[in-house]
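The same subunit A turns up in both complexes below, where it pairs with subunit B and then with subunit C.
For the complex of A and B:
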């Protein structure tokens, strides 16, 4: 029963992913190449003959269309090309080393946002206007107002440099994820808290909740069994955008905390004109985003029958 | 009422859970092992470009390569002068054209004997057009080298000869008094014959070196771990067991890590940050073989006129710049060659034109712009960097004050600035700097010859080129210095295709209780790690 629509959805997701990837690849390729300067523009200008040799090695002397075709051909074979800046590594190497760190950071940030945001939102809704509610709205405002590039260094200054509870940077121990995950998860946490609170308040005003209470059910049962599930639908719909926020936020957080993930390569790669590295990271990020959005769609279908009917 | 209190209880539980969760997180990181006593941890700036000597152009690359490998000569930790390395001694013929290096009995980290043929192969590899090394031209004074690199000659014609396993002879076209220094630098360290194609030999499992340390781990954009090499010829004098070199683009992160006690040494960081360390024992500053300047685009008006360039030069108060803006002991530069070069090369840089607003105004009037009238606003571009921004703002204010010239600042990203310079597309002035590859004035003077690709000012002066050619051909050291001084005078007292600003200092943070000896400041900013002693 579930099998059929799921297969259809999976095929749809695959086709959509491929289409989006192709478009993103071509667009990014064109944009990158439009930037002035090149990978070999350095303080020490390389003599023309050396530059010619370098460009030949990386096929940069060929017409752009041919280079794009070559890139897509290699891409289809799973080869993302060499890195111009980090000459000792291919893009595949860099991604293989960096992706686990980025995923760990993203997962930790999302886990932090959900683990704190949902209970906090519920607690705020359960006692509207109370101390926790005010605390929750304070946290939400702070989370939304403080950009990661401000929050990150603040966390470092206080918890790493002053208190020395955590390392200021790097990823040599799982605990090193705590500060970056908080910095990265703060934005999503704010939104999740507000969405949960709003959803919960909405749910709690429903007739069937009153019925449940009238039946004499304990408040805990009312909140968790009857209230929670429908209240989470807005949170779930937000997971797609949240993932996008975490992905783009990790560009900043990885730089602030020196996490050896792939996010930092987008910014660095663009400055270095390291075309294959930037393209590789963008494509991996796009794939994650498209697939995650599709998964959220499927999850929503499972969670809320009303969505299924549409 | 009951509903309310029940909700409050639930909320209370949730709050409790939150506290427990946070406490767990904190507890998780309370117990961490400290680094063993003989582990040196330092911040090595940005991720190295490569560990291939032929491509290693950055300071970060060099720091690592000189720990993993060793050239024929090595650097003295105090003076950065060349001292015996893989070669135990060397001699030069009377005409300066034949160098003979005598290698000591030494081994690669995998136990293979290190031979003169290894050096010959490695040096030829730098020249090989297939390697496309940006550093090849450093060897062009060797007989046949330029031809081989250009693809018109061949390797056997290059004057690098191995005689037996322990003698390397280098034949030069023209004297190269700095060859011993150069042979200690990272481009000329040997590469093991098993290295193979470019890039393939830098992974941990394949890197074979001849230096005091061997590569153990390499995580791009994070850290490189090295351990002591038991096969190094001088291993008995190396006390550090392990080195962790962190790389990060974020200089703030580097300073934070140092402050938090995670690193013993930060190799470089912005001077804006340094002011908060002034007077602290951690901060060490020393003259550095590098100079900062503003390039003029001499192909565009108004800077086609040398008088305008001289006027700008004489209206900049470099003492004020160094004392008020930079504040770390940078020295004003009215010349191109940093004065710290004297200690190693004996060359005394020329005086240059002094700061003199009156003469500057007179020059400007003479060029047809009295009180700056008739001059369009002048562009000054700089690449993104806090230090450059402050410097350019100061220059802008000085030119307005002394010459009534309007200068507008344009901040561009680095590659764009370089691209503009290479195409001579910038409109007025462009901030630049140069770090000498070796302690000889030639390392600076050759930048502004007409054939230099790093010139980027459009300046081409036959007399200047000829003076340097004659200096290169001279085996008589006083005569060579006199010719170079004449060239430098022409460059900075008459032509001024750029206006020098200041001589750099190298600012490092060193933990005084961790690093107890063997760490010295020198003009190359070179800190050979085999000499560093950590607290036991």
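For the complex of A and C:
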């Protein structure tokens, strides 16, 4: 019985994911093909006969609608197709190689943003106008103003080149994740700090907080037991967009820090018109986003008993 | 006479907003004695709610509070440390607020919110705290207290929520309970039940009660003594019986005349007080009630009337109504 609503929610999420994936796949397919050029058009050295053969092998000579149908059919079977450029690899192979690094980086960036942003926002709200509050607002302005492609090299210059605390590039040890995670997480950190602060200030003005104080509870109980949960609602709602920001930001950060994630494939794939690679990465990103948003919905429901009822 | 639980002398409270200072309470003297029920009556904006919040230092930082004396059971509230203050809040002075749907935390179960009161002030842990909370819910006549513990505030009716809030305040066994418009948000029938309950619990437990209300009718049925607030000042204070039968201050008289009476077959016409109460920060010189007062003379508009004390009662008026018999 308990599993029943959850199963229903899971089915709903799966259906929604499938629908979004179909729409995104078709749209991206069309947009990619609308761009000028093709995977083999720049290689002047390739004789016309070889090129025709290549295009025939990858069905590029067929009508577009048929190619799209073929792609969707393979997609439905979990096959993202061959890469045009990495001749012996399928897109699935490439993702299997790159995805773990990208995921580790993304998770580290989100963890960094949440672990710093929430306590910082809370402390800023608890001592409004105080030193921490001003520090927090400085950090969030910097986090929003500095693009990753500026912050990344700055971090490398200072912590890797001058101080030599970290490696400037590559991903050999978990410690190598620190600088890229900071570069990638700075934007979300800024937003999470602001949201937590604003949420906490709003909560602290609620009557039930006055009640909690009138009950003689110590301030830390008032803040954590009575204030924290309601204040986190806006933060939670932001997690979906935050994941999107981290996914796209990851492409930049990976190239700044030479991390062997999926970012390199997208960038090169886009230049080379390696359609299946670009499409595959887009679809993987989309899946993460849809699932993350569904999880956020579930969490929101779990957080607020008034929503839980409905 | 035993020492009062709450002693307030010359309390002034003002709020600062956008650089402008607004006086909400102006040299208020008030006492709540052990076991008595004091009614504090006034229109909205009279500062009646601010009074006891200031006494427990529960006002936001934008409020500035000064007083010659501000004591709760002998402790100087303005000098108490944070930990002493939290020990007094709840355990000595308990609060029930107007709207329990806003004053109870919607994210926590009733049981959690009641138990933390026990844990904080009576140092009982989980199973025992739950037991005490259940007993208290039964004492405020909540049907099925055991299952109510596991409910969230929004799952209760308005009357039950207010009863739960009352049980919560009572759990720490306070010496004085401040009930700030405790029944205003409720239906009239439920209102009467909650008032009856409040009166009974107070008598049974020897609890002092400070009932803050805009409604003289609510105060009449339950209080021994009544203080009337107008524009941040106590304009009259007397034993309930004499205040209702022989009001001295014209404002009190006007309040009484504007309250509906249920005696007689045909309801008499209600007398509305002409004009509106002054907005805090735009007070007239002299008596704040003078612009609305039928008895006002020129002196009322230039001087603040001093407080006149007679026996157990006091009032501030140059032109009081009839001498007491």
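The working rule: the second predicted complex is superposed on the first by the 294 of 310 C-alpha atoms of A that agree within 3 Å, B and C clash if a C-alpha of one lies under 4 Å from a C-alpha of the other, contacts with A are read in each partner's own complex, and residues count from 1 in each chain.
The rule is short, and it goes like this: contacts are C-beta pairs under 8 Å (C-beta built on N, C-alpha and C of every residue); 3 or more make two chains touch, one makes a residue touch a chain.
For clarity, every value in this text was computed on a predicted model and none was experimentally measured.
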Contacts for A:111 in the overlay, against subunit B (first) and subunit C (second): which applies, first, second, both or neither? neither
May I ask you to decide whether A:210 touches subunit B, subunit C, both, or neither, giving the answer as first, second, both or neither? second
Per the contact definition in the header, classify A:218: touching subunit B only (first), subunit C only (second), both, or neither. both
Touching A:127 in the superposition: subunit B (first), subunit C (second), both, neither? first
Pick one for A:168: touches subunit B only (first), subunit C only (second), both, or neither. first
In the superposed model, does subunit B or subunit C contact more residues of subunit A? B
Report for A:36: first if it touches subunit B alone, second if subunit C alone, otherwise both or neither. first
Go through the superposed model and pick first if A:272 touches only subunit B, second if only subunit C, both, or neither. first
For A:226, decide between first (touching subunit B), second (touching subunit C), both and neither. second
Under the contact rule defined above, give the subunit A residues that sit at the interface with subunit B and also at the interface with subunit C. 213, 218-219
Going by the contact rule at the top, pick out the subunit A residues touching subunit C in the complex. 206-208, 210-219, 221, 225-226, 229-230, 303-306, 309
Along subunit C, where are the residues that touch subunit A in the complex? 53, 56, 58, 82-83, 85-91, 94-95, 97, 99, 102-108, 116-117, 120-121, 152, 154-155, 165, 168-169, 172
Listed in rising order, subunit B residues that touch subunit A in their complex are 3-4, 6-11, 14-15, 17-18, 21, 25-26, 28-30, 32, 47, 49-52, 55, 57, 129-130, 132-134, 136-137, 149-151, 198-199, 202-203, 219-223, 246, 248-250, 252-253, 256-257, 259-262, 413-416, 418-420, 422, 432-434, 453-454, 456
In the complex, subunit A residues that touch subunit B: 35-38, 40-50, 53-54, 57, 82, 85-89, 93-94, 97-98, 115-116, 119-120, 122-124, 126-127, 130, 132, 153, 156-157, 160-161, 164-171, 173-176, 178, 213, 218-220, 223, 255-258, 260, 264-265, 268, 271-273
